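To keep things simple, chains are lettered A, B, C and D as they appear, and every chain counts its residues starting from 1.
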Amino acid sequence: MDMREAISRFVRDGDTLVIEGFTHLICFAAAHEIIRQQRRDLTLARLTPDLIYDQLIAAGCAKKLIFSWAGNPGVGSLHGMRRAVEQGEPQPLALEEYSHFGLVARLSAGAAKLPFWPLRDYRGSDLPAVNPLIRSVECPYTKEQLATVPALNPDVTVVHAQRADSNGNAQIWGLYGVQKEAAFAASRVIVVVEEIVPEPVIRADPNRTLIPGFIVDAVVCEPWGAHPSYAQGYYDRDNAFYVGWDAVSREANGLEAWLNEWVYGVGSRAEYVEKLGEDVVARLSAKPRISEGVNYGF
Amino acid sequence: MDMREAISRFVRDGDTLVIEGFTHLICFAAAHEIIRQQRRDLTLARLTPDLIYDQLIAAGCAKKLIFSWAGNPGVGSLHGMRRAVEQGEPQPLALEEYSHFGLVARLSAGAAKLPFWPLRDYRGSDLPAVNPLIRSVECPYTKEQLATVPALNPDVTVVHAQRADSNGNAQIWGLYGVQKEAAFAASRVIVVVEEIVPEPVIRADPNRTLIPGFIVDAVVCEPWGAHPSYAQGYYDRDNAFYVGWDAVSREANGLEAWLNEWVYGVGSRAEYVEKLGEDVVARLSAKPRISEGVNYGF
Amino acid sequence: MAVRAARELSDGDVVFVGIGLPNLACNLARATHAPNLVLIYESGAVGAVPDRLPVSIGDPALVTDSLGVASMADIFQFYLQGRRIDVGFLGGAQVDRYGNLNSTVIGPYSKPKVRLPGSGGACEIAVHAARVIVVAPLSPRSFPAEVDFYTSPGQAGKFGTRATLSLPGGGPTRIVTDVGILAPSVEDGELELVAVYPGIDPQAVVGKVGWPLRISGTLEPVPPPSAEELTLLRDVLDPEHLYL
Amino acid sequence: MAVRAARELSDGDVVFVGIGLPNLACNLARATHAPNLVLIYESGAVGAVPDRLPVSIGDPALVTDSLGVASMADIFQFYLQGRRIDVGFLGGAQVDRYGNLNSTVIGPYSKPKVRLPGSGGACEIAVHAARVIVVAPLSPRSFPAEVDFYTSPGQAGKFGTRATLSLPGGGPTRIVTDVGILAPSVEDGELELVAVYPGIDPQAVVGKVGWPLRISGTLEPVPPPSAEELTLLRDVLDPEHLYL
């Protein structure tokens, strides 16, 4: 399935959407297609909104953000997000805030179809005071109070992975983030990969499979689909892009011009990569560091 | 460290002991050394007691068993365990019974240092009626009642793995069982491996690491240490042994004779393997099915 | 029974498989009408294609060439409790009139006549799987009116019905025996005889259970095993006759 | 500050590392007195040995040649809440008299003067790590008597003390600044000046915090960075001067 069809069929106005990936494997290709298809009133959830949600918010796709750390890592603020929160531009954005552990726990509960998840956290913190969804429960054994967060069950989760077979059995190596929990928690799952591989490639190393194909609704092959994020073994993080985003996004018209050029101005990820140019692709392409195989025989 | 020293230093009379591994990677070598060193009054916990706890119980090491499925898979009863429960021979054995999910949840809670774990289970079952440690908690969001089990924090967990470096950074492929949870839940961790490999072998494929070395107290190299269980890529399960155990263990003196010959009668795992003989080793040795490597470069 | 159980599976079903007959049934279904069956074992093997009949549920042949391996915590939390399983297979020493299963003890728990292995994953499979197929030969001893011990919940029982207990899965929907098939009635969840195998007299089946067995008004015809099914079972899937 | 922070680490410590100065401090410690430091990143990299200074906490260089990779659920549940972490590094826009940290908002939450990134993993690091090293330059604005928002708990505050709150970790034990080091007093957990760097007048430090700062009776001497430490930092660990 191509990205246009996957987004068109599985992402709807008003959905709660999770595109996860902690620094690694953040699916910008899906976000850009969502922007092009002008989805509206999304509730966006992610530990680190990162540039990907900054762009979705600036493009007017979102009405609410659920998050735990909102910044451009190592660089500064997310200006698009701040304009929405502080000035209501292009539209107001409601915030629901956790810590990383809290949001990981929300997705874990969602994946396990439990209504809540317990964690030892938040005592001595103001976070529960500003988020009434952080509550507590009494342990039936020790009688101590533990914090709780409610399950988060997205309507759609997009997982970017290095590779999958055509049924969506997806393999990830390097940082896992909360991709597995986000996928199992969702009603609909879109898997986007650097390569579609024959099923025997997956079956030759089953311990690398993170997402089983039978929970996947669409499989999209989108090389370089995570840029400016990265895919271990495929391409490096484009740190210069992250640093440069600060200047691009500082004013609304700068960010808008960027969207016009790099999102609305291209029809697909393939065009985006072509526009990125050979130099960037060459600079970021991964050098080989191939691991050894292991024996699955008996 | 050799097995004798590892057991001598880290397993004590009265300990709660977990030797996990679901069919795969069950560390009989550690159990046999515990029998030789005549540890007493152990509380043994395992999803499937299997032959390994049948032997420990028959050897008089255990006073209590925490379990969820007590049988010889595909064969029949565990006769050593039943004699202890039904006739108090060689000593009485207390039982504490869960379902698989319940015991997995107890170890997960232990690993997470939470006092309990919630699960949607046991309604319509008699299990909570015969085990007062299965309780319930009210969800702070939906007000529904969920089952709970208390944390299980073993004094010692023994994990068998295919390989580790000398610091105990241990890699497992094939079935994981609850080895990770059992290790993180424990106060002391003994890792037993088929091979000690140089640290760069571990570092060349970090996604295969299940247990980090810094939580490990002892690393023991014990080839064929899981026989008659198996190690994927090293040797097959000795199904004939499992089938044969029924006749061996049906009478107390048969089981005792087996222990005399195969446990007390050998000084180490190496002697056991030698006694096993070349034919058995040849029959069970794994055929090669080597996976491809993946690229960890950037 | 393996043939009849196999026919209960639909192509594409995600099946939580136990060892023995269920395993055989799944492999037969995969080889015939349901090539896209996804076999999941509680040991953690996902999409297994064992090239030998596994003796244990954690056999290495289940891992080699499988689609994935999951930790048991993930299997029980994300796959089973996460409601990703269409069909669970269960057996039991006792099956009662509402499909409650006992695999724990015959007699009282504290002083059992027979100590059975216990739940394993059976309780949670009965709670969560969208539907449960029970495979058990029919006899008065193993089909009492009420089980001695409720290991795994059926359609109703002393604790209430699935609805009053808020059990997410469908519970036992088909009981495949050696003479016919029982299924819960829509009205009250009591098992009734819905099919008998060729040559079996429905009335003779009635006496083999410990309650007054109702015979469904629409008794389904069950075609006998085909030559292809039998050949597959005997020559390919269980050549060593471990389970046949 | 990187040199001083590095010296707070002992060989063999299991350290939960943030990006920037803490990362630099850990690599300096590894290169000098603590070769067996285990670096863990909340992104999931365990035993990382980055061959370049990572710009982000999830840099691919943290994975290549690391000892292991864990899911974030495992990192937070089994490593951090599981009490396997000896040292956590934290910063914050505000550090108050009891070591409470604010990385959420300056001003009221609903109408902030400055919206900061938020907790990330800071709250749980402050709750669980056996000890927490805070790295922050000293100024009256960033060291108020009480933080505007309690993101991460210190030794005591409006909610109670660590003991009354049953917080498992040790909380902030050392606050490494650009002029000296603060540490909580044993009596009441209030931060006091326990060390000043060469050439710094302790009295001048007092005026730089928003509460009457006590000077410890046993002010520790702090040797200046050695030539080796400076060379390592400037030429090897941060050759592009990202953080120096």
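Rule of thumb we're sticking to: contacts are C-beta pairs under 8 Å (C-beta built on N, C-alpha and C of every residue); 3 or more make two chains touch, one makes a residue touch a chain.
Only a predicted model underlies this, so the values are computations on that prediction, with no experimental measurement involved.
Common partners of chain A and chain C, by the touch rule above, are B.
C-beta contact counts were set side by side for A-D and B-D; A-D has more. Centre-to-centre separation between chain A and chain D, using Cα means, comes to 28 Å.
Put simply, the C-alpha centre of chain C and that of chain D have 56 angstrom between them.
Each chain gets one centre point, the mean of its Cα atoms, and the points for chain A and chain B are 37 Å apart. As a whole-number value, the distance joining the C-alpha centres of chain B and chain D reads 39 Å. Contacts with at least two other chains are made by residues 113-114, 119-120, 144, 173-174, 180-181, 204, 207, 230, 232, 236-237, 286, 289, 296-298 of chain A. Within chain C, residues 45, 60, 63-64, 69-70, 77, 81, 168 each touch two or more of the remaining chains. Applying the touch criterion to all chain pairs gives A-B, A-C, A-D, B-C, B-D.
Remark: chain A residues 111-114, 169, 180-181, 184, 199-200, 202-204, 206-207, 209-210, 212-215, 296-298 touch chain C in the complex.
Those residues of chain C whose C-beta lies close enough to touch chain B in the complex are 19-20, 42-45, 55-60, 62-64, 69-73, 76-77, 80-81, 100, 104, 109, 115-124, 126-128, 149-154, 157, 159-160, 162, 165-168. Residue ranges on chain A touching chain D, taken from their complex, read 22-24, 47-48, 67-71, 73-74, 77, 82, 85-86, 97-101, 104-105, 108, 119-127, 130, 144, 173-178, 180-181, 230, 232, 236-237, 239, 242-243, 286, 289. Those residues of chain A that touch chain B in the shared complex are 113-116, 118-120, 133, 135-142, 144, 146, 148, 150, 162, 173-174, 201, 204-205, 207-208, 230, 232-237, 286-298. By the touch criterion stated above, chain D contacts chain B in their complex at residues 14, 38, 45-47, 49, 60-61, 63-70, 74, 77-78, 81-84, 168.
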